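As written, the chains take the letters A, B, C and D, and residue 1 is the first residue of each chain.
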């Protein structure tokens, strides 16, 4: 059986695991106040070209989103996001549980449109009754999006400019950031650091056991973050585990190596499907590929291959998702193609 | 100057005010545990044909909605509503502040479509990942809607049936319930009580100084409601004021008399506009009327008439709202028509 | 039957009620943006000697406390209060429902001790683990306290100085402020306005139908308060009712007249008890009087007099509370004394 | 340098780490729906003698407490705990952030007194105003306590009986449960499972990298727990890591072996101090030992030994805490004693 369900099915990339194993017996203080974390933060700041940035480590994506959104917003403000955003659909209402509304704009293959954002903000503040409405307090986008798509550098710059015109922090959910950076023709990590006010470098889906590194280039925005992180249950006692893993990911370019590996194989996978007449229904340059396949083919694959089933489309076809990761091999793609 | 801005511009209907004035010196216990409240609840139960219903008095509409939604939902569940719903647009995020998501479906002139509701619920529970999504825990509709429109009895029955098939309480926001009952060809107060699990009879917009009467025909749903009401800041020390006002509203049919008065004048107002060539852009049988007027006409009216401005539509026209209430007179309509 | 249960058993003082009745048919905009509110705010600012203060009107005490505490605190901060504070005991957890901890210090007949406050704050910030603890973000006291006692001017000044040394807003719950001002030998309304950052002038217990006027001498602290007030369900559609009532209360010194009336009668009541050998167990100079009475006396009074029963003390005595208000008369006191 | 600061300074016990390393490349479904978790749950149910119990894995202690308390309580209820409880002091207000009050009773060396609990509950429900107060909805205790002390079996039975008399779930925070079980003369894991409704078996402080296993012997209490866990940010994508670690901890009695190891060395440490005239100021049979030491001795130790500093007591002495763990060795104790 080969697996394309998602990018978090195995443990850690061997270089990441080695960092944990090799340092297992070292004793350090808790809660992230150790030398591993300090060094990992330095490596991240360097990779971002952001020597003044604050870096915080959290455990998982939903936790990171809901804690950061709670930290960045004033009490009654909301977060603007495309309607397909992970925070709006697949986080069990974590943003709302902590008191905030997700203010949705249309999604274009997962992306927010800068012009629609600007229009929404202009209309909001022009509305005489806006004090009775939830005020937009920040903007949330994902890079890459939930559909594997990417913003161009120009698109990110436009959105960033609009946010700053309205004094709204721009937050980028980078759960799969490394796949986006590996696939993008023009967006680099320093670009992300320059254009976002806060973003996170996803670890869980990029070869770590767990862990997300939040980067905040405007540290005033996260003034006194620790108590909020703790109250959200988002502080690890053995915080060093996060430091060790991100040290490994940011040593010898591992983070981008993992990104390039998975993205390269995803394109091979896409070409394999295309060779057999199955074009993707979204044009994704990253490690997630979306197809509409005949149910007969799906039935033929299922004994040998696992992947994401996204529901029927009509009588005889269904939407599916195939995902590659650091553990996918060229042999996996070949085996899959032999079954098509 | 004559006013059509909204239905809460003056104090109370004289019969309501008299109830407060005449009983001013009577001394009673606080927090609604007085004989006025007890009697008002009996009158309401009788008018609803619901002798077992629980009745609770709260102060205003946003407070009532957010307290009741918080009471009816489990911790992580959301409330399904059309996207134009008052709770989704004009309550400053009160639902989310208290931890819940508004799950929006398309609005059809303010109304939820039963078929779309059923489809949404079927798809939700069929989705394998639904435990990662906010589960619908109740359905919210308004009668009449924010656009003055009404559900037919058949439509209400359909929605109610779907809710009960899925074990979801149906909640009806009746901020302007009396105008809806006065205008509806087939929906009566006992129908509302029979089809909704919880609804409220709006007082503020129907001639009270303030006050909304929540009716719950399935009292188990609001088991131990008082502490939650108190924690929401929604208990009045002199709760008797709510009892006195609803006693008056439900004596000699005052509640429906007010509804019929305002609805009748609203139709006269509509006919006056139509006679001058301005058709409403929404077909509202109730006390709110919506027009697209030339800006030149608006400028001519403004020195003499106040009304709601809902923003420009194109270069030379704008959307406006005219609202009648217990204090509107036939002379007001005549004065307005003379200006058209 | 004569009533000493509490100070909110009747409707409104006749001068307050007249303001509502006389203006009943005037039409105004909603939500407090009317001329009555504007004038009432001016009168309050003048009475406080605080021409720059922001004034906000809310409906009831629990609502005011929980909304203001939510507005003043950062997300994870707590409010310091004596353990007998109303917010800690009798508000159904409204502060916690909205996300904040009440940090309790010992109560001395309802009062906070300045030295204990200072010691607590010094220890808190000296503790290396304080980021794992709830940080004090404001201080809450009541004037008069839940036991009818008063801070002296010197005590208020000490507490205010400590708060400002630690950059903590001092909030004074003035649900019964007028009784405190009437009874205090040295504290005036301008003193309260000078020493507190935010306080409220209670209306409900001082002769209004309902209503509390929040005064904030440092308006930056309540920047953008309206949406939070709305999301707490604490905005009245007919906000004018609050303006009209506070106009009346701050015209011809009515607020203090009511205070002096009730406080004077409370002292007569106390003397009546003392003449019969029942000394109060708390030395309260205000309108609440606390006695430990023989159960035989209580049984003898109950057919004729209502009052607060605070539970048994030993086998044959019980704690009780007697409260006077604007509606108490000298005859009520005489009737009571005849029964002792 | 030898370390006695706390029990989470190193990585994982080698047997736990091996489980993660050996299974690193196995691919499984996410979110805990894997065979490792299923097997670990079986092992835990067996060790608890509770074949019907529900088991849930979470990441850390604060997260576990705040998620479970939020799951067990009705919206406005509070959790009863001794005032020294971890949730009341050292979790940054996580319970309150999620809407609930901690209702404190006196702590007796960290323990709740059954008689005081009963008295509090009796008084609460006897109080006529109790609907205005936060209702106790569950009871929280720790085993061992924050001071290393233990309830006897009889004490646990008494508390459990009172809780069940009042229909309150009893929740036991077992962050250090294994140390308690190793040290207790009479309490076993099946006893804990029998007497608590919900408790957790701490992993982080007992040799895991992270992880806490919640056991609920009355699964109805945690009906539909997953969405709440997710909304609290408390679901791991690679949930298998929790399963693997608890499999290891509950294989070959490792959990209790770790407990006995650390508790045995803690008693040696205590005896070493006593031999030099320093008696503990709390009589703790578990792995935490508390002393009041001369500052001169502290200064002499600090270059060679790290431990917890709990603040000055008088001019020349201070409170300190020494903690042993799976990584403490007999040589560490000997080295320490040589320095006394």
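Simple rule for what comes next: contacts are C-beta pairs under 8 Å (C-beta built on N, C-alpha and C of every residue); 3 or more make two chains touch, one makes a residue touch a chain.
A quick note: this is a predicted structure, and the numbers were derived from the prediction, not measured.
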From subunit B, the most remote chain by mean C-alpha position: D
Pair with more cross-chain C-beta pairs in contact, given A-B and A-C: A-B
Interchain centroid distance [CA atoms averaged], subunit A/subunit B, Å: 42
CA centroid of subunit B to CA centroid of subunit C, Å: 34
Distance from subunit C to subunit A - Cα centre to Cα centre, in angstrom: 50
For subunit A, residues that touch 2 or more chains besides their own: 75-76, 91-93, 97-99, 131-132, 134, 227-228, 230-231
Of all residues in subunit D, those that touch subunit C in their complex: 75-76, 78, 89-93, 96-102, 127-129, 131-134, 309, 311
Of all residues in subunit A, those that touch subunit D in their complex: 3, 5-6, 8-12, 14, 17, 20-21, 23-30, 59-64, 66-67, 91-94, 97-98, 204-205, 209-210, 227-228, 230-238, 241, 327
Subunit D contact footprint on subunit B (complex, rising order): 70-71, 74-76, 99, 131-132, 134-135, 224, 226-228, 230-231
